[in-house]
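To start, I am sharing the structure in question, which I have written as C-alpha cells.
Which chain is which? They are A, B and C, in the order written, and residues in each are numbered from 1.
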Amino acid sequence: MTAEILSFETGRPAELGEGEPALVVDVEGYEGPLDLLLALARQQKVDLAKISILALADQYLHFIEAARKIRLELAADYLVMAAWLAFLKSRLLLPEPPSADGPSAEEMATALANRLRRLEAIREAANRLMNRQQLLRDVFPRGEPEAIAEIRHPKYTATLYDLLTAYAAQRQQRVLASVHLARRTVWSLAEARASLERLVGMAESEDWGCLDEYLLRYVADPSQRATVFASSFAAALELVREGQLELNQKEAFAPLYFRKGRHQPAADTVPVPDAPVS
Amino acid sequence: MASLAEVRVEEVEPMDNDSQARPEELRLLEALLFASSEPLDTATLAKRMPEGVDVKAALAQLQAEYATRGVNLVRVANKWTFRTAGDLAWLMTRESTETRRLSRAAIEVLAIIAYHQPVTRAEIEEIRGVVTSKGTLDVLLETGWIKPRGRRKTPGRPLTFGTTEAFLSQFTLEQLGDLPGLEELKGTGLLDSRLPTGFSVPTPSDDPVLREDEEPLEPGDDLDLALAPAVEPDAPEGGSEGNEG
Amino acid sequence: MASLAEVRVEEVEPMDNDSQARPEELRLLEALLFASSEPLDTATLAKRMPEGVDVKAALAQLQAEYATRGVNLVRVANKWTFRTAGDLAWLMTRESTETRRLSRAAIEVLAIIAYHQPVTRAEIEEIRGVVTSKGTLDVLLETGWIKPRGRRKTPGRPLTFGTTEAFLSQFTLEQLGDLPGLEELKGTGLLDSRLPTGFSVPTPSDDPVLREDEEPLEPGDDLDLALAPAVEPDAPEGGSEGNEG
C-alpha cells in the first residue's frame, strides 16, 4: 500500500485492476484513517453530530478487513485506528462499568464525532479559501511596476576653517618645497670653494679645525651631507694645491682636519687622504 | 473605423471635463498605487501626499471610482493595491505564470494554519489525524504564505506556525478576520482544538506579538531540522499523504 | 474624517452609474494593459478581445479617459501601456539627502578656485602640484559652490572656474573679499610667518565680469568633455591624489 500511495505523490493516478473491489479502490485516495472515517460517515448521510459511531466503527473495521484480504500492508495509522475503534465498539456495547475512570464510551464517541466534524469544517474552510480570488490566478497586480526612484542628494559639508587650512597648507607646502629643493640638491664646487675660503679666512688661529664639523654646521639637512662633503673635499684639495690650506687625516675615514696654509705649496708635498701626514 | 473612434472620443470628452474637477490627490494616489506592484499602507501613502490630504477619504473615493472598472482598488493585509477585476480572470489566463498547484494535503495544512494559528505541527496532525510530511510544510513555506513564528512553551519547544502578509495578499483578504467561514467555525466551537495542553485559543491571529505560551525563535534556530523532528524521511509520511487534490 | 469619506463616496456614485454604461471592452483593455509586463500592440490586444471589438476605437477612448488621471495610457513604439502621468514624476521619486564630507583634495581645489579665480584646471594643478581628478571637480560642481565661468584665451581654450553665491552662503561670507588675505592668514597661524618674501596670496574676487583674457562660454559648450580633456581615467590621477578623506 505504501508503495502505491507514494506513486500518488508523484502525481500518477493509481491504476487498479478491473476485478478489484470498489472498497479498496477508495482507500488509496484517503488522507489517513480520519479521512477514511469521514468518507464512511458521509455514506450515513446524516449530520455528523447525530452519526452512529457504532455503525461507523463497524464500517471501518469491515473496510480494513476487506483491504487486508487483498493487500498485504496497511499504513500503521489505519491499524491503530482500527484497534481503537474495536475497543470503542466493545465499550459501547458493554454496559458502563459503575466507577469508570476517564472518559465514558459515550464521551469517547462524541469526541471522535467532533474530530470528524472539525476535519470536515476545516476542509470546507479550505475549499472556500481556495475558491477566493487568488493573486496571479484570478487577479493580477501591475505587470510592469514603475519603481520609485531613489534620488540621493548628497549634501556636502565643509567649513571655512577646512577651506583656509587646506589652502594655507597647500600653498605653504609648495612654496617651502620649491625653496629647499632649489638650494639643497647640489652644492656646486664654486659654492663649496667660496664657503671654504670664507671659513679659512675666518680661522685666525693656527690650530687644526675639523672640516666635518664645519660642514655639518653648514648643512642642516643630513640628506645633503654627501653632496656637500664631496664638493667641499674637492674644493679643499684645490685650495691645498694652491697653498691656501693644509689638510690632515690620521687614517682612512677618520675626520679631516684643516688649517690655514703657511707656505707656498710644492706639488710633491700635497697630502692625500690615503697617506696622511702627521 | 477611424471615424467611429473619433466619435467615441468626443463622447468621452464631457467626462474629461468632469475629471478636471477631480481632486488632485486622487491623481496622486492613483499614480502611486498604479505604479507599485506591492500593496501600500495608508501611512506610506500619507507620507507621499501633500500636507492636509485626507488619505482615507481619497482612497474610499478612488475605490468607488474603480469599482466597476477592469482594474479595482482593493485592500489586502490592510494595504491598498490595484488589481485586475476578479470577474476578468478568464481574460487574464495568459498572464498566469504556471500557478502552483497545491496538493490536497498542503491545502488542508494551510487552512489549519490559517484558522488555528499559532499552531504546532503536532496540533495540525491531531486535526488531520495523519502525519504531515516535511515536503508539505516545505512547499507551504516556499510559497511564503506561512512562517514559523515562535516556539510553544511545552516540552520539546515545538515551532508554532502562522500565516504571512503574502497569504492575505494571495487570497485578497484585508485581515485574518476576513477568512471565509471564520464566524461559523468559531460558533461551532470547532476551532478549539481541545488539545490536552489547553493552550489553544479559539480565535486565529496572525498578530506577530507572541502569545503567552509562545517564545521567540532564536537567531540560530535550525528551522529545517525543527520542521522534521523525529519523523522518518520516507515510509509513513508518504504513505499517509497520498493524493493531489 | 470617516463621515467626510462617506460624503465623498456618495458624491462619486453618479459617476459609477455612468461607467456602468461604459463598454465592456474598455474594462478588458484596462485589465490586460494593467497586468501585462510589457507594452502590448494593437494586434495582440485584438487577439485577446472578443470578436467584433474595435480595438483602436476602444484604445482611443481609454486614452481619452485616462488623459487627465494620475495614470495615462501611452503609446510606446506602437505599443500601448499605462504609465504614471509625466507631471507626477516628482511623486515617483523618493528624495533623500545624505551629508557627506568633502574630500581633502576637493577642499584644496575649492580653496584654490576661491582664491585664484578665475582659474583653469591646469593652473589649479600647477598650484597643487598634482593632477586633479575629474571626480573631484565633478563633486565640486555638484555642490554648486563652483561653476565654469568662461574660457581662457589661450591655446586649448581651457575653462575658467569661479565660485558661486552658494559658496558664499555655505561659508557665511558676505562677499568673496572677506576671505582672509596673507597677513590675516599669517596672523591666525595658518600660514608660516617665515615664508619667503615673494610669497603672496591673491585678493580674491568673484566679479562675474569676464577678465580680458577670458571669453564667454558658448551655449552648446560640452562642459563635461571640457572637464576631462586628455586625462587617463585611472592611474596618474588616482595615484596623485591618494590623500582623499
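Structural remarks
Assume a residue touches a chain if its C-beta (ideal position, glycine included) is under 8 Å from a C-beta of that chain, and two chains touch if they have at least 3 such contacts.
Small disclaimer: the values here were computed from a predicted structure and weren't measured.
Chain centres computed from CA atoms place B at the largest separation from chain C. More inter-chain C-beta contacts link the pair A-B than the other of A-C and A-B. Remark: the per-chain Cα centre closest to the mean position of all protein Cα atoms belongs to A. Note: centroid distance chain B to chain C, computed from Cα atoms, is 41 Å.
We define each chain's centre as the mean of its Cα atoms; on that basis chain A and chain B are separated by 33 Å. Looking at chain C, one finds that residues 31, 34-37, 82, 84, 92 touch two or more other chains.
Each of the following residues of chain A touches two or more other chains: 140-143, 146, 148. Across the complex, chain A meets chain C through its residues 140-144, 146, 148-160, 162-172, 174-176, 179. Interface of chain B with chain A (complex): residues 34-38, 74, 81-86, 89, 92, 95-97, 99, 102-105, 107-108, 110-112, 114-115, 127-131, 135, 169-173, 179-182, 185, 188, 190, 193-194, 235-236, 238-244. The touching residues of chain C, when paired with chain B in their complex, are 1-2, 4-6, 8-9, 11-13, 15-16, 18-20, 22, 26-32, 34-37, 48, 54, 56-58, 60-61, 64-65, 67-71, 82, 84-85, 88, 91-92. On the side of chain A, the complex with chain B involves touching residues 1-2, 5-6, 8-9, 11, 28-35, 75-77, 81, 111, 114-115, 117-119, 121-126, 128-130, 132-143, 145-148.
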